[in-house]
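Structures for review follow.
The same chain A turns up in both complexes below, where it pairs with chain B and then with chain C.
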Partner chain A sequence: MKINKIIISFISAAVILLSTSVVSFAKVVGDKIVLGAAISLTGKYSSNGVHTQNGYNMAVDRINSMGGVKVGGKTYKFDIIYYDDESNPKRAAQLAERLISQDGVEFMLGPYSSGLTKAIAPVTEKYGVPMVEANGASRSLFTKGYKYLFAVLAPANLYLDVAIDLAVEKNNGKPVTVAMAFEQDAFSQDVRLGVLDAIKRTGSKKVIDDKLPKELNDMAATLVKVKQMKPDVLVVSGHTKGALTAIRQISEMKVDVPMLAMTHCDAAKLSKQHGKNSQYALCASQWHKTLTYKDNFFKDGMTYDADFTKEFGYAPPYQAAESSAALLVFKDAFERANSFDQKKVRDALAATNMQTFYGNIKFAEGGQNVDKPMVLFQVMCDDGGKCENKVVAPTKWASAKLIHPIPSWSQR
Partner chain B sequence: MSISRNNLILYIGILIFGIAAPFLFPAFKVQLSILCVLIVLATTWNIQGGEMGYNSFGNILFYGLGMYLCASVQVGMFFPLSEWTESGGEKTFVHTPAQFFQGMAVGLIVAAVVPTIVAGLIGYSILGLRGHYFAICTLGLGVAAGEISGGIEIIGAGQGFTTPPFPDVGSLDSRGEFFYFLSFFVLVLTFIAVRGIYSTRFKLILNAIRDNEDKAEAMGIETMKYKIVGWMISAFFCGLAGGIMGGLVGYIDSTDVAFDGREMGVFMVLMAILGGKGTLWGPIIGATVFHIFKEGFWTFFLGWQYVALGVLIVVIVIYFPEGIMGWLREKYPERFGEVVDEKDRKAQVELK
Partner chain C sequence: MDFMVFQYPMISVQACLDGILLGILFALIAYGMALQWGVMNIINIAQGDLVILGGYIAYFMYLYGIHPAWGVIVSPIIMFFVGIAIYKLVINKVVDRDLFISILATFGISILFMQLMNFAFGADVVLANSDYGTTMLFNNNVVLPNSKIFSAFISILFAICLVIYMKKSKLGRAIRATAQNARAAKILGVDTEKVYAATFGINAALCGVAGALISITFTIHPYMGLPYTIRSFMIVIVAGLGNLPGVAMSGMGLGVFEEFADYILGTEFRIGSVFLLLVLILVYRRFKLSRKREYLK
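== the complex of A and B ==
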């Protein structure tokens, strides 16, 4: 059969193609420290993926222009190899493998979202590649005993439990009824766990506990139930799309609820996109520009906000800020380790204890940042319809007083 | 089945290459393993889509089932599964090497057998549909399975399911080698099985169903029986492929990894069509070309890869409507053992 010839020539062509693409990079090339990152540039997390990438790039430029990283008396500059993980864990794990075994990357930055971090962490752990991640908050990431995983953010279960405490406080210490709607993904379900803990702790009652599909475009069914049950608090979490969907449908359906607590308000640019409709929404955030943390590179939150807006044309959500902070942590660890040995860098990372514009960073045994509390802000609008996010809790950072309960739609 | 001498040389050559591949390209082990899985998926899809003329988008159901089953059995044999997946997998249990491999072995058997049974059970009702109705129905199967599994707590629900980490045996490369040889073994198994059935009357019956199902039935063929058996064969190997992929990725998510209809589910169709559906080698060539294209160029399009994929689909449809094999067959028919009557061909051209 002549067809064999075709197949054989085809296979040899494939082999040649494969072997020519074996190009290996060293992690430190000349005066460059090459970091690897798989980022969601397409797919359901693409908007937050871009925030993450912008945050990384901003910090790389800043650190490089301010003298770079000094290791062993020599100055190095950061460089990042990006791949697009398509918001898919399978792809992310594959790309981590590719970054490490083909591109020779020895230090990694995290992807966006808990699910993707969960997929990448076993790979980096296996190869002993230190990874500083800024966007994987799931609590279960920190109980697996990973030694090379460091997260600059507070775990997901701490996002909204404060909101329940706040509601109970406003209810004169009496338990409240809580309606919950969470997307079916690792992060949102972890936020749910935190809220469940808070409900149990305060003796409150959950009246609705809905799981919403991924790529949340419609939650009308849940909102109909909310209208009927009249809970004291409505908690919604579903990344950027979840926040946008919730506000859109709550305002369309005129759902009255005394407290609306959410995540990802700033990443969704709620106050800009939905204006007055998003007013009074209470949002969990890792960072806010008015917090008074400081560092040498970005100075403080307000300066970071201004610089970021100038460079990228929009105000930085916390996803960008925490991503920038990850680079600051790496720089600090490299200089303290004074070496590019992965083990030494890992130990230096574990001993991190520093302040950045984004907050204090100190890692617990499991790799989570234990030195930075979450903040809650509320969307507040003036009469002209200009809306702003103002921190309302914890009291140490509060720049405005919580408005509670939310006025009904008929009075707005 | 009989194997000619030339074929034997070809098969042995491929086998040797397959065994040597992870040592020749040590950095590409994961990609090579995924290539094996892709070939298995494309080849088994071809049984329905190519030979039988039933465009199934539902084979992803068996792949996802296999993935969840293999991981669940691997964990459940030694530890309480509900505790493993509780709260997104906060508790950590560690498999000893023996436990890991035993679990994997039993898990893979379950991952192959259960989807086969499922295919048999649902086959009777679903394979009664034809054409677009069948395609849409199977598309729904995959989507429904993804949404349902995303609500089942014991397999991690929306939090996902972290499969047992590979134990510390041998060097850093042992994990990659283990999964590569496992997937290569399944690939060889699939090839032998598919080649086996393609050389029997079974294939002719499938082709008869594709070409005219009513006529086939009128000739006394119990078409339903053959359709179901064909689907069960696909399910068997898709389940195995899923089980391996679960272990390889290390993290199972209901809609993004397991019942990944819009990626894997579409890719398997695309690969078979690219290579040439209805041929033995078409899906294999299609999967290889597709994978190399994807791995070689995908990452350079940062954010634009789906546009590139769209262009690829357009090119395939316009220039290779019959796939690479179909194109080659048209171009070099004598190499495929076809005799072309030049006079007749010319006469036809002149007629036009």
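== the complex of A and C ==
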């Protein structure tokens, strides 16, 4: 009798254990592939967090309505579980744990920003969960030997080195002098390293190398130095506040510099906030709607731009475009792997070689996309004060000719 | 370390002028803090957040096509009532309590304001363009954006008005009396409750003016308040309470100090140097006090 009882309770315990474990491994429920994402819907990254989420949602709807994902002869649809990470790295890491160990998600999409991706990557790596991210560009993400991290965007060190090459080219191949002002955060410092590499490669010289604080809203001191040293190029990277502060103070202090290269002009809505004062600024961008990459889902950049604007009521910044591309990569990898085995999907992701409307995607050993160059656009305004961003480099994608040097303030 | 500032004398002139103009603006915020600290014995950690909220008012006027300079008038009016509301809801419950309680309460208000502003206005960095142009001095070697000059001018104007108001008006006298001895003032018929509310409102209004000026000269962002709180705290510590010329002087001193720290140590140490200075001053004060105490023994 007693032994029977023990056996029964043992079996029921095992059954309970098994049933819970089945529930917690429910990455594919019915015909749904459930992806997890922690995104900054509140906190300081909330505007770009929302762009990211809109990009993801747009791609999910599009892929689902165009036939979904075919694995093992069956059609599946994408679904995403979102959590708000409050722009806080610690919270993001907790949410990644929760998505994986409680919600049973087996595939992840990235958060917004390098800092948060850095917080999540160790968690996804620990559980062997493949993560395709679209908004973490910091170089340090790709040097840690992560096996399950894939980024559809070009790494941060490639953001502005094109600008140095361009300046050298405009200087008839001769080295140039460079003034640099970078915020002290992981991303901007990586951009700086890339610029330093380019300076070394071209034999150029850095004359100013300022680091801007996080609470930055005044860079007058840097600009006074620029006026004194008269460099050939001024490079600024400090997220949206860096871009806005730079343009405001450059125009107010009438700083003349032949080339001004920046990041985050798009996100800062530079030409909207500063109008003609932002003219001639060169901006690094992951994507621009006029690029002629194509795919079957969004057709091309112009169509994506129009569809996105129709759905969300504003033109897509590159943060949205790259987020949409992440879903295309997942779909492609699932179909090639023809399985939901994490290891197989991971290997399929590593072998990705495709074109999307956002650009070519092919991952290097470290997980960064090596097949998509950055583009530089220049803010150009007509006499009526209407400003537009036009791609000027690399030459292959250029839709307008670079205006160089920038006319001095006295002539504007 | 970079000593460029000493190699080119014009850069020193520029740094001094920039620092003074900036310092006058800081002094305005600090004066509000000193006023309320003196009267109510409350250190308002949310000071910087009130400044940023004032900035958003000017920004929204700018968005709707009104010149942001009008924010200098509209923003303090709205902020005055915001200040009174905060007093009625929270501050009046902590005003007689321990200093620590009020610091905690205003710290809470600060966090709440940051999140509410982020929720209401978004996390984007914004600014209001005044299109005031630039003044060039010394053969174009020194440039001063007119927006900075405008800010300094308006700050001085408001400070003067406030001093006159405090000296001449009935409420001003009541405020000063309460600052000297709240109990005695109460016995002599001053409605201290009303005085406290008015003081907090005036402080918020000053923050509103400063915020509008900051949105014209720099940029604003929901999370940018704390550096302004720290700066005004520091100015008040140096100048003491109820000492307007002292506040103005130490404000300008801090502005110039920041600019030079920026040139010499690098922009990355700009805010850091303010904190360092704060620590040094506190240590120095303590040192001086302890010597006095020994002498008394």
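Quick note on the criterion: the second predicted complex is superposed on the first by the 385 of 412 C-alpha atoms of A that agree within 3 Å, B and C clash if a C-alpha of one lies under 4 Å from a C-alpha of the other, contacts with A are read in each partner's own complex, and residues count from 1 in each chain.
The rule we apply is simple: contacts are C-beta pairs under 8 Å (C-beta built on N, C-alpha and C of every residue); 3 or more make two chains touch, one makes a residue touch a chain.
As the structure is a prediction and not an experimental result, all values here were calculated from the model.
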*Pick one for A:Pro213: touches chain B only (first), chain C only (second), both, or neither.*
both
*After superposition on the shared chain, which partner residues are touched by A:Ala181: those of chain B (first), chain C (second), both, or neither?*
second
*After superposition on the shared chain, which partner residues are touched by A:Lys90: those of chain B (first), chain C (second), both, or neither?*
first
*More chain A residues in contact [chain B versus chain C]*: B
*Looking at the overlay, does A:Lys254 come into contact with chain B only (first), chain C only (second), both, or neither?*
second
*Where does A:Thr42 make contact in the superposed view: on chain B (first), on chain C (second), on both, or on neither?*
both
*Would you sort A:Gln273 into first (chain B), second (chain C), both or neither based on which partner it touches?*
second
*Touching A:Gln228 in the superposition: chain B (first), chain C (second), both, neither?*
second
*What is the contact status of A:Asn360 with respect to chain B (first) and chain C (second): first, second, both, or neither?*
neither
*Where does A:Gln342 make contact in the superposed view: on chain B (first), on chain C (second), on both, or on neither?*
neither
*Under the contact definition given at the top, report the residues of chain A touching chain B in one complex and chain C in the other.*
42, 46, 87, 184, 211, 213
*Over in the complex, which chain A residues touch chain C? Could you list them?*
42-47, 87, 181, 184, 210-213, 215-222, 224-225, 227-228, 239-241, 244-245, 248-249, 252-254, 268-269, 273-275
*asked:* So in the complex, the part of chain B that touches chain A is made up of which residues?
replied: 4, 6-7, 9-10, 13-14, 17, 24-31, 34, 87-92, 147, 150-151, 157-160, 162, 165-166, 172, 175-176, 245, 249-251, 253-257, 260, 263, 281, 285, 288, 292, 296, 299, 301-303, 305-306, 328, 332, 334-337
*Could you please specify the touching residues of chain A with respect to chain B in the complex?*
1-8, 10-11, 14-15, 17-19, 21-22, 24, 41-42, 46, 82-84, 86-90, 93-95, 97-98, 101-102, 115, 118-119, 122-123, 125-127, 138-140, 143-145, 182-186, 188-190, 193, 211, 213-214
*asked:* Taking the touch rule as given, give the residues of chain C at its contact with chain A in the complex, in rising order.
replied: 4, 8, 11, 14-15, 18, 22, 115, 118-119, 122-127, 129, 134, 136, 143, 145, 147, 214, 218-224, 226-227, 259, 262-263, 266-272
